[in-house]
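All chains are identified by letter, namely A, B, C and D, in their written order; residue positions are counted from 1 within each chain.
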Amino acid sequence: MPETNKRATFLTLGVLAFLAILPPVALALDRPYMVTLANRMLVYALAAVALDLVMGYGRMVSFGHAAFLGLGAYTVGILHHHDVMMTPFLFGWAGSNEALLAWPLAMLVAAGYALLVGAISLRTGGVYFIMITLAFAQMVFFFFVSLIAYGGRDGLVMFSRNSVAGTDILGSRVVLYYVCLGCLVAVLAFLVMVVRSRFGRIIEGCRQNEQRMRALGYKPFVYKLTAFVLSGALAGLAGALLANHSEFVSPDFLSWESSGLLMVMVLLGGLSTLVGPIYGALTLFALEEVLVAYTPHWQLVLGPVLILAVLFFKGGLYGWMTGKRTG
Amino acid sequence: MLFFIEQLLNGFQLGVTLLLMASGLTLIFGIMHLINLAHGSLFMIGAFVGATVMAYTGSFLLALAGGVAASGLVGMALEYTVLRRLYYREHLDQVLATFGMILFFNELVQIVWGRRPLGVDTPSWLSFTVEILPGVAYPAHRLAVIAVGLLVIVGLFFLIMRTRVGMWIRAGASIREMIGALGVNINLLYTLVFGLGACLAGLAGVMASPLMSVQAGMGENILILTFVVIVIGGIGSLRGAVVGAVLVGVADTLGRVYFPALFRLWADPATADAAGASLASMTIYLVMAVVLAVRPQGLFRAHA
Amino acid sequence: MNRLTRSLGTMAVTLGLGVATATAAEPVKIGMVTTLSTGGGYLGEEVRDGFRLAMQQEGGDTLGGVPVELIVEDDGRNPGQGRQIAQRMMQSEGVQIMTGSIFSNVAMAVIPQVVREGVVFISPNAGPSQLAGAQCHENYFNAAWQNNDLHSAMGKYLEDEGYDNVYLLAPNYPAGRDALTGFKRYYEGNIVGETYTQLGQSDFAAEISSVREADPDAVFFFLPGGDGVNFVRQFDDAELTDRFPLFGAAFSFDNTLVQAVGDAARGAFNTSQWSADLDNEANRQFVAAYEEEYGSKPTLYAHQGYDTARLIGSALRAVDGDLSDMEAFREALRAADFDSTRGDFRFNTNQHPIQDIYVREVVEGDDGKLTNRLVAKVIEDHEDAFVGECHL
Amino acid sequence: MTQALLRAEGLHKSYGGLVATRHLDLDLHAGEIHAMIGPNGAGKTTAMGQLSGELAPDAGRIVLDGEDVTRLSMPARARRGIARSYQITAVFEEFTVRQNVAVAVQAMARHHFRMVRPARRDPELNAGAEEALGRVGLLHLADEVAADLAHGQKRQLELAMVLATRPRVLLLDEPMAGMGNAEVDAMTRLLEELRSHYAILLVEHDMDVVFRVADRTTVLVDGAVLASGAPEAIRSDARVQAAYLEESA
């Protein structure tokens, strides 16, 4: 179990402080695009942190987490669409553009789907789990491609961001940024508590020796499913934020590449660290920005970096900086 | 009815391509316990090299040889440099490392061959149709794909079930130490098995190339379908791969034809076709879900 | 062009508005969000090459005598990616003029957002119906056609030629649906089958079987990018080309596709607003210059890129490279004061072209390669079907 | 004697053609140590697995304190008081010794979905863990990571985990495998202490230990009971000697 030490605390607060002062600095330097870019990064970091709960602590290697992200985003997008078009959505309800309603719904939808996928895929393990989560994510991908009414393959353009309690404060890039940062901090704090709690200990126990847990009287399926659903719901929240950030929702959000990149963020940052994925997301986005300046073929570099990281850099960035190795 | 038979053949032809992919992937998993996402990249490399050889020589047979050899060599090089270090690692590590390979190869082929898809001509000596049943003319090339695929699979079964190498392979799957004690070089054996799987992927790539755009990222679509095939069939089982591939190929093709027709009973063509086509792409996943709900480990056990 | 006058003008504007329009002294930035990868990548490349040719003919980095900087990025035929790039161009580079859109799905995600932010967008290819009609915008111009146009013309041609049973095939995305709607505008015969494929699809076995089953007089298809190559080849493999002649808009038989498809395309008729052998002065010099620069015959995409650049150049010249008054710039664009390579060209009230549409045939050229030859004019001064819905 | 706490009737389990347990009858009383011995492959571990619920028998039934538990899963049986240890050490290697036992305590303490309060400072879990560690004599190593323990210590830790679930029946699969003499001695003494509180089924290869602690001994050969009774009687049983001689021959 991760024991907090001074360096870890410093690294956690450090990255959060960096993210907190980023918008004023970027605007002072006349680099508004930095805020947009960092905001995207925040959203993906949130999803990656959620993924770390199942992948890092429970060793449930979900290759389909982008599906939760996409479901969250589509929930917000579709409710917005009906609200703007003033067309009935369900039972005469004409959707909503209210964040306080749409975001929890986004989490609920993602959680519901996670329950379904988890119930099937958690009956197996290991490599089956990887392929099944991937396949089901692909199924949701095709589901949204088929929804011509909501843009199909081309995605759904939003005409504005969500309102919050009737106000349009999210219209400001900076406000949206801090809302996303707030969500990230809250989720991070919550998950840190979760992994240290009784529930978290069960999840870790299941990872280390599921058979032993059963002999002690636990039903691993129930706890793993709960963790999976929790993680899915939080990824759904990230999706709701992503929809607001992009003002656009597309099946690409739930493509298999997107799922893969979330896994990469977790690994690069540090598996089973929760803070690590934030570093991972930061690194990946920064790497892309820097490399793209030199070559459009930046993934030619990313690929080998990834292979080397897997082979020789097991603890990820965070593990390396804290001097701790995990897994 | 004739229309149905023709579509059934189309389904078999997709199934055979999937089978060539799935047999290699499932062999590698069954023996080395490696999940290899880069298998799709090997498919792509086969297709690209095949298309290039074809463009320079005009010979489809040379293209086949070139594509298969290139995939095999790249596969063995990957095995030797990276993958053999991952056999005893977690699946998570294997997934991420081979995901890195996908990113690398997709960019590499774009640099080497450009960003436009290459077109491959059907070899002229296969550009005719065969009247398989009165009234059903079917392109010879597609029949050839089915025939070659079936031949290769039969050969593979023979290799594994009837030969000495096959015995080592089967033994290697269960007891690594013992096979080492028999004086067989296990590292070499693994490299060769991986090379064999890579060659099958390359073969699938070259044979499918006249039927699809040869472009970066072409391997991943087929890879995910292949995953569905082996999840349905049972990971590590060749027999399962055969059943799964036929099931997925036929379900996908028939779904693509009949779902839109079904939907047209209620909706306009554009909506019906989109909903139908996408439901068709969803069908195979639904089939997978049903199979897993009944048999969580797939239809067949490994090495059955 | 008098450099001094321009500097004086710039100074006057700067002083007068009190806004430091530093951009006026720097080159005008033009953002080109286009499709360079995927099967449709050659469309973007040819649009870009045509656009660059216009710049080179002025000596390199100017259009209409005004220094410009062209920033080209690949949207990968992906709406989300296109949006991100457009956002970066606007926020990071301060781009005020954008162009490049090839595929309508990307256009629908990019253009409404961009024009809302006050950027002028001139589409060199994509012309989705919504943007010509209800969602038209003063900042959006189309220098090519509205999506339906060329298909409508083919519908008229098949109607005139007396084909009574036609099978329709198009991908399921905005331009694909526009295409079939467009075809039906003037066509009144039987439609014996209508199939929507997935964009980027490569194996058409199932569709081809359906065509055979339906037994039409003619097949009208719209499969842009790489899709069309595969379709025509597989159609030919199935030995159906002689039984069911293929018709399409120019996109289905542009020179690049025709080379790739080979003999299967020989003799196919297609509709276009332009052809390399169209006889006017602007076109003759364009075709010659393009062949000289790139070593191949231009396609209609290159012509569209070239005309787009010349249109922007004419407007930049009119406002002297000063974009502080966007209304003046828009007014100059509306005037369309340039010699189009397609001959007569003017903007309708929805800022889409009014132009002639021709039918072409795929024949063997002087160099032995397949190419398109002008056959006849199908519609004169064609206006798109959506202009009435536009509030402009 | 009183009624058996755990009773197995006609347990039958086969894999393909291979019969692992052959209509096996077995009973276990509170306050006794019942040793199960037999040559390798006799079906001892398979019998254990069926009693604990890991393996489903093809036929037969298992009764715990009057309740038929044959169809219950392993977790359900564990919660009714059947605890088992494994022949191959199965502790949570990444947890500390204290955490290992705390997980076991928690299994019976419930509140599994408590997600906020840190488990590390949970007095209920820690008190229970320390008590169990005290009984097996591992308290001084409570903060070590389990992976760092010596083999014998891990076996002690496993026993502590088993005890921490407050079971009624202990199924111990070779708890002394791989231990040194001194450790075997300590474990043996511990078993004798535990005898009065539990019903213990002990699979053990070390005959000296068996004859020292067992109240009753059952000999399995080829999945069936060859002989059952007091250790002395078993020792002198000709069939048993024959079976063991056969193995060593």
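Here is the rule we use: a contact is a pair of C-beta atoms (placed from the backbone, for glycine too) under 8 Å apart; a residue touches a chain by one contact, two chains touch by 3 or more.
Worth saying up front: this structure is predicted, and the values here are computed from it rather than measured.
Colleague: From subunit B, how many touching-chain steps at minimum until you land on subunit C?
Modeller: 1
Colleague: On a CA-centroid basis, which chain has its centre farthest from subunit B's?
Modeller: Farthest by centroid: D.
Colleague: Report which interface contains more C-beta contacts, comparing A-C against A-B.
Modeller: A-B is joined by more C-beta pairs in contact.
Colleague: Taking each chain's centre as the mean position of its Cα atoms, how many Å separate subunit A from subunit C?
Modeller: 38
Colleague: When the centre of a chain is set as the mean of its C-alpha atoms, what distance in Å lies between subunit C and subunit D?
Modeller: 78
Colleague: Starting from the mean Cα coordinates of subunit A and subunit B, work out the distance between those two points in Å.
Modeller: Averaging C-alpha atoms per chain gives centres 31 Å apart.
Colleague: I'd like the Å distance between the centres of subunit A and subunit D, where a centre is the mean of that chain's Cα atoms.
Modeller: Result: the chain centres lie 44 Å from each other.
Colleague: Spell out, as numbers or ranges, the residues of subunit B touching 2 or more other chains.
Modeller: In subunit B, the residues touching two or more other chains are 110, 270, 274, 277.
Colleague: Where does subunit A touch two or more other chains at once, residue-wise?
Modeller: Correct list: 148, 152.
Colleague: Could you pull out the residues of subunit C that touch at least 2 other chains?
Modeller: Each of 74, 172, 198 in subunit C touches at least two other chains.
Colleague: Let me make sure I understand the interfaces: which chain pairs count as touching?
Modeller: A-B, A-C, A-D, B-C
Colleague: In the complex, go through subunit A and note every residue touching subunit B.
Modeller: Of all residues in subunit A, those touching subunit B are 55, 59, 61, 63, 120-121, 123-124, 126-128, 130-132, 134-136, 138-139, 142-143, 145-146, 148, 152, 256, 260, 263-264, 267, 271, 297-300, 302-307, 309-311, 327.
Colleague: Given the complex with subunit D, which residues does subunit A contribute to the contact?
Modeller: Listed in rising order, the residues are 1, 193-194, 196-202, 204-205, 208-209, 211-219, 223, 226.
Colleague: In their shared complex, at which residues does subunit C touch subunit A?
Modeller: Residues 74, 78-81, 83-84, 87-88, 91-92, 105, 108-109, 112-113, 172-174, 198-199 of subunit C touch subunit A in their complex.
Colleague: Quick check: in the complex, which residue numbers of subunit B touch subunit C?
Modeller: Those residues of subunit B that touch subunit C are 3, 6-7, 10, 13-14, 110, 115-117, 119, 121-122, 127-129, 137, 139, 141-142, 210-213, 215-216, 253, 256-257, 260, 269-270, 273-274, 277.
Colleague: Inside the complex, what are the residues of subunit D that reach subunit A?
Modeller: Counting only subunit D, the residues touching subunit A are 52, 54, 73-76, 78-79, 83-84, 86, 90-96, 99, 102-104, 106-108, 111-120, 122, 125, 161, 165.
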